[in-house]
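The following pair of complexes shares a single chain, chain A, combined with chain B in the former and chain C in the latter.
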Partner chain A sequence: MTQVLSRVPAFAVAAVTILLGLAFAIVFMEQESDVAVISLVALAAVAAWLGTRAGVADRVSAAAVERPGSIALLVAAAMLVLIGVFVEDHFPLLMLATVMIYGTVALGLNIQFGYTGVVNFAGAAFFGIGAYTSAKVVDSGLPAILALPLGAIFAALIGLLLVIPVVRTRGHYAAVVTIAFSVLFKTFLEVNDTLGGPQGLSVGSMKLFGWDFGDSPTFGDFEASFYLNYALAALVMLALVFVLVRRLERSWLGLSLDAVRLDETGAACYGIGIRRSKIFAFVLGNAIIGLAGALYGSMQGYVAPTSFTFSDSLILVAIVLLGGMGSPWGTILAAAIVVILPEKLQAIQEYRFLLFSAVVIAILLFRPAGLLPRGVRHYFPPLRKGAEP
Partner chain B sequence: MSDTLLSLDGIAKSFGGVRALNDVSFGVDRGQILGLIGPNGSGKTTSFNVLTGLYRPDGGRITFDGAEITGASPQAVYRAGIARTFQRSRLCLELSIFDNIMVGNHGRLNQGLIHNLFRRKALKAEVDAAYAEAMALATLFSPNLGDAMFEPVGALPMIERRRIEICRALIAQPKLLLLDEPSAGMTHDETHQLMSDILSVRERIGGLSIIIIEHEMGVIERVCDRCVVLNYGEKIAEGSYQEVASDRLVQEAYLGSA
Partner chain C sequence: MDLLGQYLINGLMLGTIYALVAVGFTLFFGVLDVIKFSHGDVLMVGAFTGFTAASAAAAIGLSHPLAQLAATVVFALAGTAVLGAVIAKWLILPLKTAPRLNILLATLMLGTALREAVRLFYPDGSNPKAFPALLPTTAWQFGNFTLRADSAILVVTGIAVIVGLHLVINRTRLGLAIRAVAQDEETARTMGINYTLIVLVTFALGSGIAAVAGVMDGLYYNEINFGMGLLLGLIGFSSAIIGGLGNLYGAILGGFLFAALQMIGAVAMPFASAYKDVFAFAVVIALMAWKPTGLIPERSSDRV
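Then we have the complex of A and B:
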């Protein structure tokens, strides 16, 4: 099998894999019964295991190194098809949009602790800052679209309050600081009347050049779900953030962030500013999380303190660990698993925190590099082993 | 401009009650190789750490290339032109050889946000040039390194890691190179080979000064123009290898008094 595979171009193997993934996603999203869902999950796990053993995974990662842009476009196209298949159905579209929004958030967290090693257990708080900004911006009569940049800016600015403790302390202490902030944030929301207290606030829908995201798009007689607007917006946002994170990783800046994570003393002796790198990563990560939060708030139509608890922060961290630290593709795959699985499996909904904890422990024990481990940095596709004399 | 590149003048450093360095003074001239020797715990690595800004000295002055660098940050010391290796290798094991060498090149690479994120063409030209430079340097030490530029360092044997660490220090074209026990964890032959490589690279670069901490006296005898001997944080001898080797205090420090 491996020998046959090595004769097929890597890109073809990757394309077929993506198509199979798309087909699986369509079938999976249509299942209602727990038995069918569990069978499909088991099927996917076995297929992934066999595929890895047969060398498919290696060929796919080779393709991702050789033609990263084409692979990314193909996946984006597959997402579009998936959105198109469920264009009339509220619930699947809402789930897809949620996956992409959580994926964006996890990419932001990835910059912080996947690359730079700055732990952040307050992801949901910065997500919440974006969402509440969205509520306030629409409420104040400003153009709704401003909620997105303002959500990012507010999350980054409020994050600056934490910069001194986060940068000055290391490891566990920095973790404790962000945990404290996460708890504090929820309590603050609950007692603050202008932010709606425990009931929260309603959020007006997003508007772009007179196009209201709350209206169902109609094409002649055909009427799509209004979630189509949000799913498309989430896809655009995820794609832009993905490109940004990829470019960051494949640059001297990404290298400096890695050096800070792996060895602060060594990095300092080669002129890399430790504090500067950490502040940069923390602020940029929070801005991305806030941006995603603003879209999320507007999509949900309301924001309440219970959506942005410490437990939600843990789920975000679990996504990054599950996907693989510093691995953007892994992050998106993990976001899909973590968001969709509990929604599809009603039986486990009550136990989802228990399940996630077990999954995180299992990952740390048996596959610490995550589902799709991050490879070695290739700055540009042609610059790789054997390509240069 | 004087011929002295680096001078330490009355450096003192204590940890709690322990005087790790006590009134230590020595200097390095341009183009010179200085051996820093002494028994374990005599303050050799502490001197390096004070010099490179990892520790702040309690007293004394450090001047490098005509400017005072006493108490400067590690980053400022690196920018002034001092690069070092570490006793226990400090490479980033999950990163590739190329990445590790580029960490040492930090100061010469454009770290601008716009350049790195949005001017990908200009960045590519810079990456290509840096790649050619890293390749040329690495293959001087070992042709094998050239084939493995995008392999993780963690997969390589100790001697290759040492070589990469030295490439990382040399790529920035420092004026002074600090080598902290380059022979640690290597066989006699490997050490010999590594020192020959360092000397040949030094000849190409020209004018590079080196301070080397080493326990293998064969290495010191072979490469050093001058030696400084430390014991219990104090300088006990200075001079050529023959001079310090025949010094009574040095013999006592290594062998115990008769």
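Then we have the complex of A and C:
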């Protein structure tokens, strides 16, 4: 099997895998019964295991190294097709948009955790800052589209308050700073009246060049779900952030961030500014999280403190670890699993947090590197072709 | 004056509970260099075990409050001690070489699992339970200030537990072994110390102390619920950190400091006493900026 596979171009293997994944996603999203959902999950697990054994996974990652741009475009196209299939249904579109928003957040956290090793257990708090900003911006009569950049800016600015303790502390001491901030933020929202207290605020819908995101787009006599607007916006946002993260990883900046994570003393010896790198990663990550939060607030139509608790921050951290630290593709896959699976398993809704925590513990025990572990850097992909037999 | 006295006794009470939780974090960090974040939820399990024991004791006809109290404390202690050792054996020791973040997340998730398990599987677990008032409720009057016997007993018990732990750590062979393991695992092994056993005993000890804190919390507020462990665990962790990890006195200092901050927040900002937790956590963040390794820093050197 492996020999046969090695004769097929890696890109073709990857393309077929992505198509199969798309077909699976379409079938999976349509299932209603728990038996079907659970058997499909089991099927996916078996297929993933067999695929790894047969060497498909290696070929796919080889393709991702050789032609990263084409693979990314292909996945984006597959996402578009997926959105297109469910264009009339509110719930699947809402789920897809949520996956992409959470994926964006996890990419932001990835810059902090995965590259630089700056721990952030307040992801949901910065996400909440973005969401509350969008509520306030729409409320104040400013153009609603400003909510996105302002959400990012506010999250970054409020994150700056934490910069001194985050930069000075390490390890567990750093964890407590963001954990304390996470609890502080939620308590603050609950007791602050101008931010709506425990009830939260309602968010007006977003408008772009006179196009209201709350309206359903109509094409002739065909009417799509209004979540189509948000799903497309989330896809664009995710794609842009993904490109940014990949560029960052490949740049000298990404290299110095990695150095800071792996060995602070060593990095300092080579003249890398430890503090500067940490501040850069922390602020950039928070800005990305805030941007995603602004879109999320606008999509949900309301913001309340209960959506931005410490437990939500934990779920975000779990996405990053589950996908594999520093692995953007793994992050997005993990976001899809973490968001969609509990929603699809409605009958075991009661037990979903219990199951979820059990699954994360099992992964940490048996596959600590995550689902799609980050590979070694490949700076010169074309040269490798000739090098390999 | 009377109000201030009330705040003082309240702060002492909370400080004792926080210190008991923080001491557990410090013990675990001492022997294994790990943070066991499920500690708060182990505390909650202890409180529920105690509650069950008290109800069971009442059901089989033990009507004397002291007998019920004894059953509560014994079962809560034993239950959580076993739970703590099981967690150490099956979750924390296997992850010992994993990155710190993985252990932190695994134990956080275990905390969620414990919380959810109590909520789902304990009879009517999603609703708060009225913890029986097992302590005498006589009150002494000093001028305007009322001192309730139950608060006094709880504070004295808590301080006695802390002193007892101090004696165990510093004056017994077990304590010597724990300190040896905390200082250097390999050397401790070569000296004939059963490493795994000591780790398990330490986790049992720390978890048992958390159960005491949980029962105290239940007796003080007369109510327990499945979510009580989350905030108590977070506060205990913050206390252990601001005191300085790996230092017993740091944890105690941190616990009382956190309670003091909450009380200052409540007293000094009468217009906004709802912000007392915001204030306390903000001060924690500021303290971390000022003293990045806690008020009483670890004595270990930076190993490169």
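Please note the rule applied: the second predicted complex is superposed on the first by the 377 of 389 C-alpha atoms of A that agree within 3 Å, B and C clash if a C-alpha of one lies under 4 Å from a C-alpha of the other, contacts with A are read in each partner's own complex, and residues count from 1 in each chain.
Here, contacts are C-beta pairs under 8 Å (C-beta built on N, C-alpha and C of every residue); 3 or more make two chains touch, one makes a residue touch a chain.
Only a predicted model underlies this, so the values are computations on that prediction, with no experimental measurement involved.
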Once the two structures are overlaid on chain A, check if chain B and chain C clash or fit side by side.
fit
The chain contacting more residues of chain A, comparing chain B with chain C, is C
Now for A:248: first (chain B), second (chain C), both, or neither, which partner does it touch?
first
Does the superposition put A:271 against chain B (first), chain C (second), both, or neither?
first
Counting only touches as set out at the top, which of chain B and chain C does A:55 meet: first, second, both, neither?
neither
Going by the contact rule set out at the top, does A:376 touch chain B (first), chain C (second), both, or neither?
first
In the superposed arrangement, which partner chain does A:119 touch: chain B (first), chain C (second), both, or neither?
second
Please work out whether A:149 is in contact with chain B alone, chain C alone, both, or neither, and reply first, second, both or neither.
neither
Quick note, chain A centre (C-alpha) to chain B and to chain C: the enclosed angle in degrees to the nearest 10 is 80
Considering only touches as defined above, state whether A:183 meets chain B (first), chain C (second), both or neither.
second
Gap in Å between nearest CA atoms once chain C and chain B share a frame through chain A
8
Dual-contact residues of chain A, meaning touching chain B and chain C, are 265
Give the list of chain C residues in touch with chain A in this complex.
29, 35, 91, 94-95, 98-102, 104-106, 108-110, 112-113, 116-117, 120, 230-231, 234, 237-238, 241-242, 245, 272, 274-275, 277-278, 281-282, 284-286, 288-289, 292-294, 304
Give the list of chain A residues in touch with chain C in this complex.
113, 119, 162, 164-165, 168-173, 175-177, 179-181, 183-184, 187-188, 191, 265, 310-311, 314, 317-318, 321, 350-351, 353-354, 356-358, 360-361, 364-365, 368
In the complex of these two chains, what residues of chain A are touching chain B?
244, 247-248, 251-253, 255-256, 258-259, 262-263, 265-273, 376-380, 383-385, 388
With touch defined as at the start, can you tell me which chain B residues reach chain A in the complex?
52-54, 73-75, 77-79, 83-84, 86, 90-96, 99, 102-104, 106-107, 109-111, 113, 116-118, 120, 123-124, 127-128, 131, 135, 147-152, 168, 172
